[in-house]
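Following are the structures in question.
Same chain, two partners: chain A is paired with chain B first, then with chain C.
For the complex of A and B:
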């Protein structure tokens, strides 16, 4: 199986730059998720790898070989689109065996291939069904079997779970990942869903406005975000704007216009510079009022199942959110005056974004 | 008196039964989500309330009045569809003004009402733009403002967020609840997303195969689901096969397939009853003794790590550990798993098997 490398890929459509210099390497047998909001250029990246979109600039390498001008069918990369595009007049079996490469295969080999593929995607009992008789999840698996039947080296998945029910999606994440691993495929999977990316990816490439803004393991992207946007898009963050003060090897602080100081891990942002501190909602704790330097009033509490989402209105800052375990439910009420705090090592300081914080955090 | 009431409502399309003998009462000002997998009949249900579909049997009442033969425009209903349906040739303000104008509201109202609702969805600055220039989230907010501007007291939302990105969806669901609660509207919101249902609603009505499985507050649906299907559909859970060995007022003791005996909440069981234990991943802990299992996979989930383990009882269990602790575990490790008795629920083992009872499609 090959590695895939994108170098300086640029693609412009009349007034939109869909790819603004992609640099990315997907390792052999790696499961990589391209994560970003709509319009980030995720699908463009996938189509460039597949050879369905020709870039204006840059090169595509498979295992170090330049394939930029190679036709899609010679790349051995198969793209599974969001809509599956199964043939409605063909049975599951015929759909799976449709691939151009398979048509040259002997009858006996075809039969064997069909049996093993249907078993893999658990559709053996539905071989003679038509797509319209299948549920969304089954259609998805059928399309996957058809894609795998062409023995690709690289599997490109464009929002493969998007059309499915939320609950089913959670179950299929695991299945899809283990299937790819079993077959030893190199996979590039496009999604806008951060949970899906965290759960499935070996590495995540976070994209925005035609650029790849960070590439790393789920832990790196979550714990060491490269920008306030990443901090907020992967795992939702609270932000505190002010000036860097007391910066040292043990940590730094940010002081706002009201003189309140909050702590963070050490930073390269120099003292005196305008900055924004980001702390993950999941790392933000509700404390007793006296125990914290930041105070506010609980404005709403939303039950989310395993946790309760608490929004606190902090004077002069706005909303800070926290997730408290279900077992804490009842300890706090809407209207309570509380403190807010966090472990200093979980908070990161960024230079204040040029276009303003709100613009930096925009997701659509 | 409930504002909306369904009495014995059924709907058949040829041989397919989309709704089967539905009884439902929705109070004035209540936010109710109709939740269920694709094809469970949830959209059929709200279409009958809207008057887009006629029930094959039973009655739909709004404000105590039988709606048989009453068209949608006379039902006091605003409707927001899954696929954003704005007029593409009208700008945002004109789209939102459509209701008041169609209704022949006074000049003053035609001018002030649309602006009021655009303010509510924070889109006053987009007033002169056309739908094609807006993001998906903004378009759906305009659709909401348009439905609200019609002045209806009942709002029907058919998967209003499912066409949007996960992140936009999260932000918008809070807005939906805030706005409708501020206006005191009665809302019926159809969704297949259990997280969405939990965060927005006063009450969830869970449907499956044309029937209501269970209806309760989000918290009760999560903490004390009456049905196995609910336990699995709303939040994730581990389901373990076993046989009751002792049943009392304090607890139920269940023997799993490997002979280990685990505790769970009390219930009306007799020793020898075939049962299923349901315990949520966040309630399973690594203990000194308990169910022995082998770690099979680990996923970093941000603030916690989800570990999947295969128990000697042949059950697969997911459990969550905090990130720093998660580093102590490796694939292939032997662990012992346990849980508090209060966190484990017991259900009679379904005659058709567990898989069939919780099947999503």
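For the complex of A and C:
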């Protein structure tokens, strides 16, 4: 199985830049998730790897070999599209054997392959069905079997779980991941769903506006975001804008224009510079009003099952969100004045973004 | 690796693909478009002739202007009638399930199986008030214009119903349901939600009908000749195409008619081109009064008797105005006075016609499908958009003018028409090729490119992915295009005569019989032609059915 490297890929359409010079390496047998909002250029990246889109600039390397202008059918990189694209005129069996047929695999080998693959995806009884007779989950598994049947080096998944209902989606996450591991595939999985990426990926590449903004393990991307955008896109954050007032090895402080000071972990942003502090919603705590330097009024509370989502309106800052355990449910009410706090090691300081914070966080 | 693999490899290569595409576009431009509009160059090269013999000759000008205006009037009226009568039927076909739907589906296409020459004759003896009308005929129409309108409705109606059904079938009914849950009556919902959505289908249908009416020559000539009871002369009622037909015949012996002939052809081609653009732009842009609603009367019209009335009148129209006139000719079997005849020449003509139609259809498919694929897959490209518009040109150019233009063009290469068959085939390709391309473009555009892309990543070459994935999905549209091309070629008179005046094809043979007033023989020949075409269509239909999984 090869590693896949993209170097300086640029792809422009008449009015959009889908890839703006991005760099990415997918290691051998790695499960990499390309995560980003709609329109970030994820699908373009995938199509460039598959050979379906020829980049305007840049090179695509498989195991260090330049394949930029190689036809898709010669790359052995199989794409599984959002809609699965099961061929409607063929049965499940014919769909699965499409690749082997083209490679002129012998009848006996095909038969054996079909049996084992259908067994793997639990579609043995539906071999003679047509795709439209299958449920969404079955279609997905059939498409997967078809992809594996060609024994691909690279598996490219374009939002493979998008069309499924929530329960099934979560089941299939695990299945897909373990299958990829068993077969030792190099996988690039495109998704806009952060939970999916965090759960499935060996590494996540976060994309935005045709560029890769951060690559790292799920933990790194979640805990050490490279920018306010990543902090917010992967696991939603609250932001506090101000100036760095003191910075040392034990931590730093940010002060806003109303003189409120909040704490964060040590930072490289020098004292006196405008900065923005990000703290994950899940790390934000609701406290008694007196116990915190930042306070506001509870705007609304949403029951989410195991936790309660609380939105607090903080004067001059905007909305801070938090998740509190269900046991807290009775303790607070909408309209209550509360304090907001966090563990200083969970809060990260970024230099204030050039285009403004709103612009930085935009997902379109 | 055998040599077969080597060939496949070569054919799948980028270089070959590029060359093949270029070749197809070149074929289209040189063999279809250029001959079609070649006559326009006469406006430049022979301008002085045209000025002296036509523009400065009020009598000829009057004749030409009159005929051209009549042609456009007829085409407009026919299109409106087709739409009004076609919509309810298209609605039934797209939205309702009822017994005999399959049967009705076949019935709608039946007039397409009848060659226009036979159709013109059949409709004329049914409607026209001739001195000796055959039994059971209505024989009420004495106005040539009304007769031509009635005739053109017969053969353009199926196109309108087909286009509208196709689009209606593709519109999600949930929009309408949503409208109705929001309190709109059925009629209001349909009018304000569904109708605006199928403008595209309306454009296709309207262009097809308008073009068909504007360009039809053979059937119109036969119908008028039947009405007059003799060969047509200059003083008769004329449409643009019949005037071309008349002058083309006469120009064989009288070369002074050539400028007038060129001029009327040029005029028809140019006006048809302008109209094509206008129709495309206007229908897409114009704002129909869709917003306004009249809840009470529309609610009333949505219930009870009215919908039933609408459906039954649509069916009545289909039978009385389309099917009966198409097949009225069969009554000759019962009532005509049999006359002895030598069937040898007709059999020859029939064989010639079938050979021509088969060759033409084959070339259309081989050359047309690649162009259609190019157009459909490069939608955003300027060249593809241009080709997409150009492809319609031969459809709207009157076949007589087309034939005339083609004859002139090819005579540059073969002045003596030494191989008339080749000329006829080239002429027929020009007006049937767009039918194949249109159908295939429509089908490919409806298919998600992801299917083929996935096939490519699964290891299929472009050729393999077309053959195994795309082709099975668009097979029925290809066959539909082939049926249209085949029957159009089989039934065409005007263009054939315009290219080779002495052509020996079945429709030409029938026209000659009608001109000699050998009606019984003409009828028998028509019936044979109809039966053969119909069997052919049934055969193809069976083919296509199997594919619908």
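We adopt the following convention: the second predicted complex is superposed on the first by the 360 of 364 C-alpha atoms of A that agree within 3 Å, B and C clash if a C-alpha of one lies under 4 Å from a C-alpha of the other, contacts with A are read in each partner's own complex, and residues count from 1 in each chain.
Going forward, a contact is a pair of C-beta atoms (placed from the backbone, for glycine too) under 8 Å apart; a residue touches a chain by one contact, two chains touch by 3 or more.
For clarity, every value in this text was computed on a predicted model and none was experimentally measured.
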item: Which superposed partner A:147 touches (first chain B, second chain C, both, neither); value: second
item: Contacts of A:98 with chain B and chain C, given as first, second, both or neither; value: second
item: Of chain B and chain C, the chain that contacts the larger number of chain A residues; value: B
item: Contacts of A:235 with chain B and chain C, given as first, second, both or neither; value: first
item: First, second, both or neither for A:70, with chain B first and chain C second; value: neither
item: First, second, both or neither for A:170, with chain B first and chain C second; value: first
item: First, second, both or neither for A:292, with chain B first and chain C second; value: neither
item: Partner chain(s) touched by A:306 [first = chain B, second = chain C, both, neither]; value: first
item: Partner chain in contact with A:130 - chain B first, chain C second, else both or neither; value: second
item: Partner chain(s) touched by A:89 [first = chain B, second = chain C, both, neither]; value: second
item: Overlap of chain C and chain B interfaces on chain A (superposed complexes); value: none
item: Interfacial residue positions of chain A with respect to chain C in the complex; value: 14, 50-52, 71-73, 75-83, 85, 87-90, 98-99, 102-103, 130, 146-147, 150, 156
item: Residues of chain A that touch chain B when the two form their complex; value: 37-38, 135-138, 165-168, 170-171, 174, 192-196, 198-199, 217-219, 222, 233-236, 280, 282-283, 302-306, 309, 323, 325-326, 329, 363-364
item: Residue ranges of chain B in contact with chain A within the complex; value: 37-39, 135-138, 164-168, 170-171, 174, 192-196, 198-199, 218-219, 222-223, 233-236, 280-282, 297, 299-303, 306, 308, 320, 360-361
item: Contact set on chain C toward chain A in their complex; value: 12, 14, 380, 448, 450-451, 453-461, 464, 468-469, 472-473, 547, 549
